[in-house]
Every structure is written in structure tokens, then in C-alpha cells.
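First chain written, first letter: the chains are A, B, C and D, and each begins at residue 1.
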Amino acid sequence: MTENTIERVATSTLLDWYEQMAVIRGTEKAAHDLFLRGLVKGTTHLAAGHEAVAVGTSAALRPDDYVFATYRGHHHAIARGATPEGCLAELMQKATGVCKAKGGSMHLTQADHGMLGSYAIVGAHLPMANGAAWSAKLRGTTQVAVAFFGDGATNIGAFHEALNLAAVWKLPVIFVCENNRYMEYTPIASVTSVPNPAADRAAANGMPGVLVDGNDVVAVHDTMSVAVERARSDNGPTVVEALTYRHFGHSRTDPATYRPPEEVEEWMARDPLTVARQRLLDFGASREVVDAADARAAEVVASASRAAQDAPAADPAQAFTDVWADGGAAWRT
Amino acid sequence: MTENTIERVATSTLLDWYEQMAVIRGTEKAAHDLFLRGLVKGTTHLAAGHEAVAVGTSAALRPDDYVFATYRGHHHAIARGATPEGCLAELMQKATGVCKAKGGSMHLTQADHGMLGSYAIVGAHLPMANGAAWSAKLRGTTQVAVAFFGDGATNIGAFHEALNLAAVWKLPVIFVCENNRYMEYTPIASVTSVPNPAADRAAANGMPGVLVDGNDVVAVHDTMSVAVERARSDNGPTVVEALTYRHFGHSRTDPATYRPPEEVEEWMARDPLTVARQRLLDFGASREVVDAADARAAEVVASASRAAQDAPAADPAQAFTDVWADGGAAWRT
Amino acid sequence: MADLTSVQMTTYRDAVADGIARELRRDPTVVCIGEDIGKAGGVFKTTVGLFEEFGAGRVWDTPISEQAIMGAAMGAAMTGMRPVAEIMFSDFLACCWDYLANEIPKARYMTGGQLTVPLVVRTANGGGLGFGAQHSQSVENWALTVPGLKIAAPSTPSDVVGLMASAIRSDDPVVFFEHKGLFASKGEAAPPGHVVPLGEARVAREGSDVTVVALAATVPLALAAAAELEGDGISLEVIDLRCLVPLDMATVFGSLSKSSRLIVVEENPYQGGWGATVVSIVADEGFEMLDAPIRRVASENVPLPFADALEQRVIPTVDKLVEAVRRLMSY
Amino acid sequence: MADLTSVQMTTYRDAVADGIARELRRDPTVVCIGEDIGKAGGVFKTTVGLFEEFGAGRVWDTPISEQAIMGAAMGAAMTGMRPVAEIMFSDFLACCWDYLANEIPKARYMTGGQLTVPLVVRTANGGGLGFGAQHSQSVENWALTVPGLKIAAPSTPSDVVGLMASAIRSDDPVVFFEHKGLFASKGEAAPPGHVVPLGEARVAREGSDVTVVALAATVPLALAAAAELEGDGISLEVIDLRCLVPLDMATVFGSLSKSSRLIVVEENPYQGGWGATVVSIVADEGFEMLDAPIRRVASENVPLPFADALEQRVIPTVDKLVEAVRRLMSY
């Protein structure tokens, strides 16, 4: 399939994906730097290393499709149209943050682009993705919904309930596991009863389960395209398990010393940006063209970071808005 | 295997199982009659039709093994040593009830026989059975734990979490699904993504899943013996799905009109008592011997029912005991 | 006295189905989801007729998957639907508590207002029927611990319909507690177009000596106590809160300004019960209105026992309230 | 003044691991279970060293399966073990709420005393660290809604150790709330054999004008307010409840008999917060002791916002308490 793919994807398309990935990578690095400078508060879970999953999937979706992500969701927010500036501003507690600085890193959301939120309770959003898919079916649109989640999420009850209902109702939903081999610090293999935590559970709920190289944006795109087509044509849900790796620790306080150095090295060599860059060169793209994409991405991120830093701090009065749909927070007379 | 079995089980053993099943059946009928006479209060979920699962399993267990049941658990309580009198007294709100009339039909328990409770929140007790099995492992006994549950319970999250942990920790636990084809009133097939709701999910958690004729006490015994042996020799958990049928509706208020008459007829013809009786006769047991077992069972039940009716009503003061291990209910100074 | 010939009576149980049906007719985005709610008409027969009238496209039977139910409702609510999800017994809210505690009430806030979650969670609440420890709890106080949920708990058939209309039309998530002990009770049927706004208490009976604040099944209980105490010349004002959030303290204070004496009667356990929140507001803002201690008649702090005689010791009863009123009057 | 040279100081965080380790040493039936608690030493580093000292047979890493964790702990507790289960953030109690609400606290009662469930559920509770809506809640009030659970929430390192000993030795289930905001705080280390009984409040500071009832992180907050108000000549008596169940009202009433003024400072939201239960007891039994309204300084009734400046508006602060005391003193 990879062979076919290489012929099918236009170089310009791949270059575009590459640039999107570079923007995400740059934003994650900026977040890390700003954290080290004390400008990013709270906790962050960087997705550097996971970019191909986000970009490859987004490329297979329609603008009106829905996605749901986890606390490790910066990449999905950006891939679906949130600006690096809006994301960094959110992390820096600025009024211009995508969630008005009320959500923070773990809850990036860009609803007007169908990015219906990042959820920080493991597994909770899989059933929500069902709900969006069910709604699409009820309203007779052909939208699909995607839930992204980690390997660790496959051992929680909501995962099982979501898969079963999706299959029974033949919902246009795709469950995309970003298997990065670890929960927080514990290797997933040490607490999971099957080798492929997501894909190996698909059959238990009567749906296909597919493994894909999550560091190859083209492979992700192609695999997702099949799953999306299946969902859109009312043939039901799919589990996709993308094998990938995170470049940073679990969260900002984690140096990730529990990972064997050889393993880290091996995966770093398969950095999704490296893989895509190599493929671009193989396609005949010039080094200059690829470098130019890098430069554009760097400029986008740099100006986003500046703008976010310059933005006004969140207004404390916002603590009392947005509880209710009327905008307020009144709970009694 | 059935062939082998027929040779292996002694007639006297099968007669004993038959009599136990007859006692359970009689107790369920008594509960039903007492309910119609207004003497049994609250709700009841009769297990008539499921007797072979309880008796066949108990026969495969050691007295010090653990079992956990659902709100439909009279048969398991009795098979594990609760007396029909204690159970009927519980249902009739008598001081002599197995739970002092504080639990009721849904919570029959006989802890001193390893029957560690009946639980009325679907699925909740599967993880508890893991806990008892884990404890056995920690204490270095070779006890095993069994969780009985319905087909409906296989779609709840706790089921999945329990199976995964049991497999990862290789716990001496057996998950026994009593698949009677319905949740309350909804056919399980209409809300489940695989044909065999329990057995088809075993592989997703790396353990064997076995189907068994749940109306054949010998088949249940043999299948369970294999699973118990596996668990006891530290080879891990098993899912056993026993196909069976309930003779009454879901609970006392349900006439079960949603079941096709042909289906009911077919299953009634395969009543576990009929199956066992026929096998006894095939073994060469005389009709008189089997009838005598029926008569003994009837007498046990009749005297249990009388004794339960004659027992004193539960003491209202018991409302304020047994919250804490010191016997009391004090929550403040 | 009302002209009884023209008043149509109905049960609380039928009012539930009626209330939902009216909204299903009004608004095509309303959709029902739950266990056994379709052909079976619900375990409590509170959805009887919906499947027949509206079909499988509007009334969805689910597996026993409380998390999947709530998640589906939530996802659909943020994408244009108005789901009405049934959790059979309120005790089972514990099986999907994450959705009620962490997801549904916070989605709007933590996205800075990007998401709207207009859904209703209906559930059968309360004890008194001998269902035991895991099927008898009153758990409206669980919902009260969570900012971001509206909470309705009607006591009459017409309030069921009127509050259901408001709940389903609300753009905020509403937890709707139907009391099991009231299903068979009768009352006036709701007129066409009947709507009761969320957050408006009702004076169920006027009186002057003691203000009794009640909710759901404790409303008829309080009215029965009021009738009994009338003979002693003690006049109770009974307030049916109808909602816990929004909480109509104005009506409570209005009553208290006459009576200067307050008793809250609730089915929640005393520890952590909703009455404590009402009392704490009065003990602060209404301190000067009070002529006597504030009392709560709540459930005892033990699990719900099975046997009727024990359960009556645990939950509030008319006798307990009458006794509490008498003691308060002799303060 | 204490002899500082002989007093050993430690952090609240280290005290947690110390408290558990002492019991692991004492009693072979004690066993730990939770996510990342083994080799990793816990996400909050509150189990550091346990895996190394006691090994994989006593300290068990689990999958992300909160229900499986609680169920395993419960099943083991009824069969001879004393499990100490960690639920990483208290918000995640929502993912296994059924076990805390319906199973663990009721097993003994509904079996007529046949089962005993001696387990501890430890969890990191509370806000103030910018963790946002799903990782910052104070949910001890959830546990308070459930009769049958004991509830501890220490505020100092030595209380962590002393209450941990009591919790693990208790034959009743105990929910043990460790406050995230206190992990880095320091205090005297607990002496060997240190045990603090469940249900005994501590007078953290003696005073005469206002009784301030606090818990966990609001204890140092109240002490800071007391220090600030001392300058104004206002004397606060600060009571650290230490447990919500058993609830030591005797100590509260003892203080109130001096002060006649009460403020409860809690991190729970005002609606449904534990302070309301304390207030309702005082508004009943202590009515005649009161010279002024009872006030609560609680969290606002909104989800926890991410940004620090917003979060400070929502949770109790020293300033808010100082202001509340001043207003009360001028009543």
C-alpha cells in the first residue's frame, strides 16, 4: 500500500502536510520554551512526535467533520484550524486564548472548525464522538466523527462501551489510538492483555481494527481515508491504531527516564518530520523547497509566539461567565 | 466431551445435583407464590431455568472458593450453602433472613460459604471477583473466584476493565456469563456487536472464551472444572458463556410478553431439570429414585417456607446497625 | 373549589411520557435514548407510547452502557440535537458520574463558551418502595455538588410536564429527577402548552407558623403533615422548591418573613443533603428573620435497608415531620 | 518554643509515602494498588520508595482502569487484605463512583454485617495549581453524600502519617484526601508509632472572637488569615476538622461556646459543600450560642478555570477569609 501511496500523493500535497507538521512541531517547542521561561503555567502534554497522526487524519477529513482529542491535543487543535497564536495564548493565560484561558492546555477547542474539544479524563470522549456521529446520522448529513486517544485509554471501560454502541448503531465514527507505548510512565505492554491495545479489541466489537505507521503522514492519510469512506458511506466504525512516540515526557514535569535510550533513539530516527522530509526528497522535491517550508513554519510560530506574549492577560471577571448558555453563572435568587 | 462426561459422572453425583436444582427450583416457585400472596415485598428476579449454571459450577468448586452473583442470585446463594429458609426469610423481611432483611432478594449473601454477595449494579462485581482472586494469590492459597453475570453485563465498562486486569495479573478468576438472551426486556442481540456477548470478547483480553450448554448441569460442571483447574494452577482467567433461559419474566412485574412463544417453548422443553432427569433415567436410575429426590426437595422447600413465614419480622432497630465494623452507625459527636 | 368535572386527572407516571411526547412533537431535534425505553415503554412505564408514535429514529434503545448513553447524549447535544437520556435508577448515575460531574457541566465553561450542551438526563429517584440499598437513593444532592448542572425534581403531574418542557428547551444541561414513589400518584393534567420555568418554587400551601421547604416526594409528605397539624391549630406554609438549581431562595425568604421558623424536609441523607445548603443560606442571610433553630428532617446517615419497617426508620415520614414541627413550635 | 534542633521537618508529600510505608512494614496484609505508583513512585511522588522497599508483591501498578482498581481493592478487602488504592486525581473518583457510592459503603450494611471492607482510597484533591476544570476539584463533599464512608483530609505532614495509620488499620472504608496544594508544604515529621484517631478535630490555633472551621488546604489559609487579623486585634480560633466522617462537632461547639461566631472555610463549591452540613448542625443545635449569622467562605459555583487569576477568584483565599471575618466582626 505504501508503494501505491507514494505514487498517489502529489508532491505539493505532501509538502503542505509537511509544513503543517512543522508548524505543530514548532508550536510544541515554543510551548516548551515558554514553559521553561515561566510563561506557560499549569500542566502541558506536548504532542511532538505525534504530528503525522493529526495531519494525516485531518487531510482525510472534510471541514465539517468532527474530532475529539485528549489533554495531549495541541496537534489536533492546530491540524483542525486552531491558530498557534490562539493555542499559545491559551497556555499563557491570555484573554486571546482559544478558550479565553478558562480551559488551558488540556482543553484546547476550536468548535467552529469541528474540533469539539480536548478532554482530560481518559476515555471519556470516545462516547462523545459516538454522539456526534449519531447526531450526523440523525440529521442526515454525511459527517463523520473521529476520537483520538492514547494506548492507555484502551483499558478503561468507556472505550469498550463506545466501541460496542458504535458497532450496534453502525455509527460514522473512527476510533484513532495514538499508541506511543506508554501511559504516563508505565509501559502499556505491562498492563495490557493484548499486544495491540486498540486494534486487537476491534473484533470484540465487530469492527475492523487496523494498525498503521503513525509516524508516516502518508500512511496515516491513506488508512484514515479508507476508514472515513467506510464511515461516510454508512458502513460503520473502524478502529485505527497508529504506532507513534512522544518526543518529550508525559507532561512538563516528566524527564521520561523510564524509556530505554535505544528505544528513544530508534523512534527519534523515525521522527515524522524526518520521514516526510525524506519522502519529499525521494519524490524529487528540492532541499530548498523543503527548507522554505520549514522557514515559513518557523515564521508562523515565531510571530504566533510574539503575538501571544503581547496579548492581554485573561480578565479575572471571565471566571463568572460561560457557565450557562445565557453567558452567566447565576445559580440562585 | 459430553460422551466422556456421561461415563465420568456417577449416577449418585448427578442425582445429588438434580436434587439441589430441584431445591432451587422449588425455592424460586415458593418465592413466586409468596409474592402472589403479598408476603414477599420489594422486587425479585427469579433464576428458575438457570439452576444448572449454579449447581454445575458449585460442584466444580472447593468450599473455600469465592463466588459473586447478581440481583438474580438466589440459585447461587443456595448452591453455595445458603438455606432456602434463610433466603425466603430475607425476601419476607424476617429477622432470620440471611442479611437480617437489610439486603433483600437482590443482595443475598452467605459469606461463611464464600458466597460474597449479590450485587444489583450491573457489572460492578466482576472487578470485585478479581479482587478476591488477587487476594487469594497474595495470601498464597489456591482459592479461585467466580463472577456470575448476565449477557447484558457484557456491554458495560466494568466488564472490560475486569477482563483486562484479570489477564494481566493472571488472576485465578472465572467470568461466567449466564446468557439468557435478554437484558430486562430488550433482546441482547439487538444491542450487542457480537453474537456471543461474553465468549466473543475473551480474545480481546487474551484469555480463552468457552460456550457451554447452560441447561446441562454436567456440561457446566465439566467446562467449569477445566476453567477452575486452569485458574487454580495459576494459568489465568477464563470466560465461560452458559446459554440458558429464564422461566419467569425479568422481575416480578414482568410477564415477559416480548419473548416469542416458540422460543419460550423450545427452552422450556430444555428445562435443566428435565435434561438432568432424562440423563438420570438414561444412566439407569429408576423413576422412583428420581421422584424420591423431587419429594425430598419439595419437603425441604415446604418446611423452609413454613419456617420463614413463622419467623419473627425484622427488628426496625436493625436499621441502625452494621454501618460500621463496630456494629454501629455513629457519624458524628 | 375547582370544577372537578372539567379537570382532567392523570398520573405522575403518564405525565412523564406526556411531557416528553409534547416536546418530541414540537421539535424534531429532540431524541430519546436509554435502556428498555423503546418498545418496552421503560422499566417504569414512563416512556409508554413514544416508540409507537415517534418510531425508532427518535426513541433509541441502548445496551447497558451508562457511559455510552451519556456520552452519546453529550456529543449529540453539542452538534445540534436535544437528547433526553434516561438513566433507569438514579443510583446508576454513579456508573456515568464522570459525565455528570466532569464533562457535561464543564464543557461550555472550559471552552470559553464554544460548546453548548442542551440535554436532559431523566432518572427515577428515591426510596420507600423496598428496593434496597442500590435502588432507593435520593441523589439530587450528588448533582448539587456540581456547578453547571440545572436540577429539577417535580412533585405533581402538571409540574412534570411543565418542567420537562423547560428542561428540554433549556440550552443548559438539566438533571431531571422523577420520584419512584410518586409515579402512581394522581393530579391535574397539564393544559396544552404548559411550561414551568426552571428555578421558580411554588407555594404548595399557604400558612403562617412554620415554613416547610420540600422537594419531590417530601411535598405530599409535608402537605399531609400540614393537614394533620391543622387540627392542632398549627399552620404550615409548604414550599415546593421544584428545582435545586436555579434555587429560588426569594420564595423561601418571602415565606420566612411571615413564619420566622424553618424546617427543611428532604430525602437526602442528613450528611451532605441539599437541605444543608438551603439552611446555610438562611443561617447567613436570614439570620435576623429567625425566631428558632433551623431544623432538617432528612434521611438517616445509613444505607437504605430493604425491609419496609427498617426503611421507614431511615427516610422522612409524615410522623417525623409532625413531631419536628411540634418540637419547633414549643421552642 | 520547640527545640528546633531536635525537630525533624518533612514535606506533606514525603509524609504520605512514610505513612504508607510504616503500615506496609507493620502488617503484611497491607498492599498498594494504583496507576504509576510502583517504579515511577506516583505521579505526585507520594509513593516514592515503596516499590523499592516492598517489591512488586506489595505495590501493584495498574492499567488506567479506575473501576478495576476499586473493585480489586474491594474484593481483596473482603477476603483478608487491607488494600490502599490510589485514584490519581480526586476528579477521577467520578470514573469509579459506583464503587464509592453504591458498593464499598453498603456491602457491610446490606449483608447484615457479613462483609467487612477495610480499605483506603487515597486521592490527590483540590485546586490552586492551574490544572483546570477536570483536575482541580475538591470533592470530599461527594464522599460526604454517602453514608458508610469515613473521610480524612489532613493538613500537616504529621497528621498525614497519623491519619494514614488509623485509616489503614480501620476496619471501615476510608477515603483519604491528600491536598495537591499542600504536597510541597513542610511541617514536623511524625514520631514513631504516631497515630491520629479518625474523627478528632484539632484546634490549630486558639482564639476567642471567631471560630473558623477549616479542612486540608484551608487550614494554613485560615492560619494565615488569623496572623493577619491579629494585627487588628481580632482573635481567630482555627479548627482543623481533619475528618468529615466521623465529624467532630463537639470540638466545634466547644469553640463556639467561647466565640459565638462561626465561619466555615472550605474549598468545595458553596452549593453542596461540606460546610453546609456543619452549618446546618450549628443552626439547629447551636442556635442559642450564636451572636451573628453563620458565614461560609467556599468556592464559587462555577467550574475551576485554568488561568491563575481566574482560579483565585473562584477558590477561597486568605483575603476572602480576612474580609469575611471583618464583616462578621462588624455585624
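As a convention for this text, a residue touches a chain if its C-beta (ideal position, glycine included) is under 8 Å from a C-beta of that chain, and two chains touch if they have at least 3 such contacts.
Everything quoted here is computed from the prediction, not taken from an experiment.
Enquirer: Over half of the residue-numbered contact pairs in common: that is the test. Which of A-C, B-D or A-D passes it against B-C?
Expert: A-D
Enquirer: Tell me which of A-D and B-D has more C-beta pairs in contact.
Expert: The greater number of contacts lies at B-D.
Enquirer: Roughly how far is chain A from chain D, going centre to centre by Cα mean, in whole Å?
Expert: 36
Enquirer: Where the CA atoms of chain A average out and where those of chain C average out, how many Å apart are those spots?
Expert: For chain A versus chain C, the centre distance works out to 40 Å.
Enquirer: Whole-Å distance, chain A centre to chain B centre, using C-alpha means?
Expert: The separation of the two C-alpha centroids amounts to 46 Å.
Enquirer: Touching at least two other chains at once: which residues of chain B meet that condition?
Expert: Touching at least two other chains: 99, 101-103, 107, 119, 121, 155-158, 161, 164, 168, 190-192, 318, 323, 329, 331.
Enquirer: Considering chain D alone, which of its residues make contact with at least two other chains?
Expert: 62-63, 65, 67-68, 91-92, 94-95, 98, 102, 109-110, 132-134, 147-148, 245, 247, 271, 300-303, 305-306
Enquirer: Per the contact definition, I'd like the list of chain A residues that touch chain B in the complex.
Expert: Residues 155-161, 163-165, 167-168, 190-194, 200-201, 203-207.
Enquirer: Per the contact definition, I'd like the list of chain D residues that touch chain B in the complex.
Expert: Within the complex, chain D touches chain B at residues 31, 57, 60, 62-63, 65, 67-81, 83, 98-99, 102-103, 107-116, 118, 147-148, 170-172, 199, 245-251, 281.
Enquirer: Which residues of chain D touch chain A once you look at their complex with the stated criterion?
Expert: It comes out as residues 35-36, 38-40, 43, 61-68, 91-92, 94-95, 129-135, 271, 300-303, 305-314.
Enquirer: Touching chain C in the complex: which residues of chain D?
Expert: Against chain C, chain D makes touches at 91-92, 94-95, 97-98, 100-102, 105-106, 109-110, 132-134, 139, 141-142, 144-148, 245, 247, 268-277, 279-280, 282-285, 287-288, 290, 292-296, 300-303, 305-306.
Enquirer: Quick check on the complex: what are the chain A residues that touch chain C?
Expert: Per the touch definition, chain A meets chain C at residues 66, 68, 97-104, 107, 109-112, 116-117, 119, 121, 124-136, 138-139, 145, 157-158, 161-162, 164-165, 168-169, 318, 321-327, 329-333.
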